[in-house]
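Per-chain numbering from 1; labels A, B, C and D assigned in written order.
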Amino acid sequence: MRSSLNKKNLEVKIGGMRLKNPIMTASGTAGYGEELSAFYDISRLGAIVLKGISLKPWQGNPPPRITETPCGMINSIGLQNVGLKTFLKEKLPFVKKKSDVPVIANILGNTTGEYAKLARSLDGEVEGIEINVSCPNVKKGGMAFGLDKKAFGKLVGRVRGDIKKSVMIVKLSPGAQDIAEFALAAQEEGADAVSLINTIPAMAIDINTRRPLIKNVIGGLSGPAIKPIALRMVYQAARAVKIPVIGMGGITTGQDAVEFILAGATAVAVGTATFINPSAPLEVLEGIEAYMSIHGVKGVAELIGGAVTGCS
Amino acid sequence: MRSSLNKKNLEVKIGGMRLKNPIMTASGTAGYGEELSAFYDISRLGAIVLKGISLKPWQGNPPPRITETPCGMINSIGLQNVGLKTFLKEKLPFVKKKSDVPVIANILGNTTGEYAKLARSLDGEVEGIEINVSCPNVKKGGMAFGLDKKAFGKLVGRVRGDIKKSVMIVKLSPGAQDIAEFALAAQEEGADAVSLINTIPAMAIDINTRRPLIKNVIGGLSGPAIKPIALRMVYQAARAVKIPVIGMGGITTGQDAVEFILAGATAVAVGTATFINPSAPLEVLEGIEAYMSIHGVKGVAELIGGAVTGCS
Amino acid sequence: MNTRSLRSASTDTDTIQPAHLFKARVKENIKVSGRFYILKATPETGFFVPAPLPGQFFMLGLDRRKDPLLKRPFCYFRVRDGALEILYRIVGKATFLMRELREGDRVEVLGPLGNPYPLPGWGKHKKPLVVAGGVGIASVFPLLEALKGKAVLFYGGRSRDELVLTDELQGMTSELHLASDDGSAGFKGAVTDVLADYFKDKKKSDFIIYACGPNGMLKAVCGMGLRGYISSEEKMACGIGVCLGCAIKTRSGFKRTCKEGPVFDMDEVVFE
Amino acid sequence: MNTRSLRSASTDTDTIQPAHLFKARVKENIKVSGRFYILKATPETGFFVPAPLPGQFFMLGLDRRKDPLLKRPFCYFRVRDGALEILYRIVGKATFLMRELREGDRVEVLGPLGNPYPLPGWGKHKKPLVVAGGVGIASVFPLLEALKGKAVLFYGGRSRDELVLTDELQGMTSELHLASDDGSAGFKGAVTDVLADYFKDKKKSDFIIYACGPNGMLKAVCGMGLRGYISSEEKMACGIGVCLGCAIKTRSGFKRTCKEGPVFDMDEVVFE
């Protein structure tokens, strides 16, 4: 009702993809949409980003896989996933049936060839393909590509050729010494957008058993704890590139999301917050709308990159 | 009293420096020892690390300089300090009078030459010299050295020659893509120890004014939020080098400190926690002693690097 | 397969409605003994959708402060006078803070979640036998109620202090066997020893077992050649199946404790 | 120099003992009006070391949970029946949570900290004039008490709701001038306008000014050619001088609000 009185334009564009609002799920925190759709109508999201998939099913890492840390959590799921085939046959049809908003697949391979094959198979099947080169939890591939500028450029360039119909998003690693460089490299190789940040490699030890609280020793840190780091990286990346930036890392409220948008994000993803409240993405959306009402902002576009930082 | 019943050996060695226990203050969180000595006897610490100093006095960055974030804080003090001369004339004599434990100066320059000059002037005047190449809050110098492996190696090598009597500690930047590499480079260039981590570049925005909450836009994140990242880096650094590692980043309790020691730290520093409770370093010390009592640990040395991580 | 036949005798989990996130007001928070407390909280809506079943759990959040960040899983213990009751043991950060909850405080609850204990088909003449270790008693409490006094309960804990509600349990079971590590109540030793002893002169196939407790106990129970169900504990982030954090090793790969469990067929789980 | 002579007439801050960290029990936490509350907490030791002086402040921590992480600065408002009282306004994370404190809750307090208002040398025949904006009234409240009813108070706020304790203040001052942004109490407009009006027919050098309030107000007061002191607010991490986070620009470079302040000579501070 409020929206009819005070019409706000929440729409944003990522490449050729129109999102009715800037809120996405973060890959790996919303499964394939099945569980969340029991809690809310996932069609209310701007886009749905699904759990990362690989060519073959992966069983993932041994437990314990998660542990809580101050204002954050470490995970080492190790990309447990059903593999491309089951994804296309079972998971994708379900989420498409349940929603009418863009679906973004998140892919991870051990080699450039695997990424390319995944990209080819998904091209046109989903609205967006997010290339995950920043997973701290798998041995081969993953982060290796995200931290080696040469390998990164080559991978993005190669996969670009295989994505003709979908929007191509490259998910950057927060481990990069200079995030702007990687964002720029992705843009140069033709990516339609970059997303960041993935989790930050981290560790916790149980002092009673003297064992790591994550079986794999090192996992990835997510949640509010990393928000200030993520925001800084989004700011740096957004200033470096012209393509849209999708921001994520510790977003739990509408205020957090507005911070990311002001820092330069065109859209934002909600991850760990979903674990605290399955409907967190919608609460974030409502928070953005409330902010826009209070501040008389007519369209999200007005906010993107709107932080006043010139005068320092 | 407890310690006489159940004698524990808390002593650790950093280069030629004997610390009666592994607890230090973190540079920039204890001033020059003046204020804290009103709260407790600073001689109870293992060592006192003073606020960073430069050749000439620096006025520091304009306010606002600090802001709180989830389980952490961002600061951009910009190395406000009295300069070498006043340091030697006023600050150092005071802290030496107030305590009989090793004093560690923290130095920062704009050029290799400045670092060298600071090192020469302080050599023998303090028990330890910590080379800060990882401050995110100064324009020149600082982090530039901490992220460029060549410049880093050259700086450490050059300054090494100027430190003949004091123990030389190199404070690493968490921005390094591969922290082990930098730790190793410091060792190769002759550093007696490495310390880590410094604060992580981060940002926060006031969505009402749309201005950054830190005047300088980007500041450094510290506190419990970064603990899991710091612990991982200490673990990686400690596995890479033979020289002692001094661990810091979000330590607020004895348990936190034990985690760092198990991960490979020989000593630990308490920073942001001091802002919540001026006596935090002593509480941390007492927490370590309690842990040792409960687990029948006779000496801290038994704990160093004792995390069981082989079997993953 | 037998597993399937046991399952099919059970409550059909597919018909369970989705869980809900609700706020509840603390009505009471009382110490039971030692480190055990009972928290009673009334949903602000006044009711539960759907009604919780034995073996299910709730995710409980103290508030929206970010430390602790995640909700914590607690078994459905019982509902009385419209209030959800949780039996909890102080072990760490969140449970320590839970102790400080007072009448009128608000908590946020998600649930009921997970699969309940499949009840034995009543015609099957299998005797239900329940094994609980420590705070595992919370999980089997509503099961004992559902079994209407017919079950034999084996209940172990560290000491008398940590064996709670024994008077009540006496009236809810056909036999109650206690064990404690220090011998301060019941048998001195592991509850699984008492169980092994019990089977010395009995036919295992006459029984159906339900067990909840620490991993060591579950492993021992599963190694005894019995048939039945265990409720397992694994750290959880989401409780609803989206994070894959609560993986537990089974014969058919990793399964989610929160979604495929927490109740698993004894044959399914692989202990390491 | 005049500044120094004013200073020297003041309480000698060098003799102030170091502050202490203490736990206190909440005795009462009451709403005054609008977003203003008073928290009363009794130190567990029963007394303060040293006794707080007008203009000083305390750092208050809700608990040792890590979100919020840092303690927050609050002015010494008053001590009654052995309880430290803090007048606070809900603005964000910590103050929002403070509102939920209840009798018996424990808080952690560090203080008293900082330099008090220098009292006018009584022989000097300067009339004390106090200016307070918003929650700045908390800071000048004990000053008004120390000035024993002799001061003229100019007190501004957003609305009637945000002008608190006016009855009490009436009895503590020789004159009370109110101003509110919306005109719901006193003059409609800025308190500094009332102040400027007051000086139309008076000699500024007959007065000594004390001001506490938002930066805009302080800047205006400092621009009026008066002499006296302001208490400034800057975000703080430590409150004891070790973090250098609370820097404020002065004629002689950055100074620490917590250590060299929060009370500064009006001439010293540079507003941007």
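Note that a residue touches a chain if its C-beta (ideal position, glycine included) is under 8 Å from a C-beta of that chain, and two chains touch if they have at least 3 such contacts.
All figures in this text were calculated on a predicted structure; none of them were measured in a lab.
Peer 1: Given the two chain pairs A-D and A-C, which is bridged by the higher number of C-beta pairs in contact?
Peer 2: Looking at A-D and A-C side by side, A-C shows more C-beta contacts.
Peer 1: With chain centres defined as C-alpha means, what is the inter-centre distance between chain A and chain B in Å?
Peer 2: 34
Peer 1: Taking each chain's centre as the mean position of its Cα atoms, how many Å separate chain A from chain D?
Peer 2: 46
Peer 1: How far is the middle of chain A from the middle of chain C, if each middle is the mean of its Cα atoms, in Å?
Peer 2: The answer is 36 Å.
Peer 1: If you average the Cα atoms of chain C and of chain D to get two centres, how far apart are those centres in Å?
Peer 2: 55
Peer 1: Which positions in chain B touch two or more other chains at once?
Peer 2: Each of 70-72, 223-224 in chain B touches at least two other chains.
Peer 1: Identify all positions of chain C at which a residue touches two or more other chains, and write them in rising order.
Peer 2: 66-67
Peer 1: Graph of touching chains, which shape: line, ring, star, complete, other?
Peer 2: Topology of the interface graph: complete, with all chain pairs in contact.
Peer 1: Which positions of chain B touch chain A when the two form their complex?
Peer 2: Per the stated touch rule, the residues are 69-72, 74, 147, 175-177, 200-205, 207-212, 215-218, 221, 223-229, 231-232, 235, 250, 255, 258-259, 262-263, 291, 295, 306-309, 312.
Peer 1: Which residues of chain B touch chain D in their complex?
Peer 2: 28-31, 34-36, 38-39, 51, 59-60, 62-68, 70-73, 75, 77, 80, 223-224, 252, 272, 274-279
Peer 1: Where on chain D is chain B touching in the complex?
Peer 2: Residue positions touching the partner: 18-19, 21, 61, 64, 66-71, 93, 108, 110, 234-249, 253-254, 259.
Peer 1: Write out the stretch or stretches of chain C touching chain D in their complex.
Peer 2: Touch list, chain C to chain D: 65-67, 97, 102.
Peer 1: Quick one: which bits of chain C touch chain B in the complex? Just the residue numbers, please.
Peer 2: 66-67
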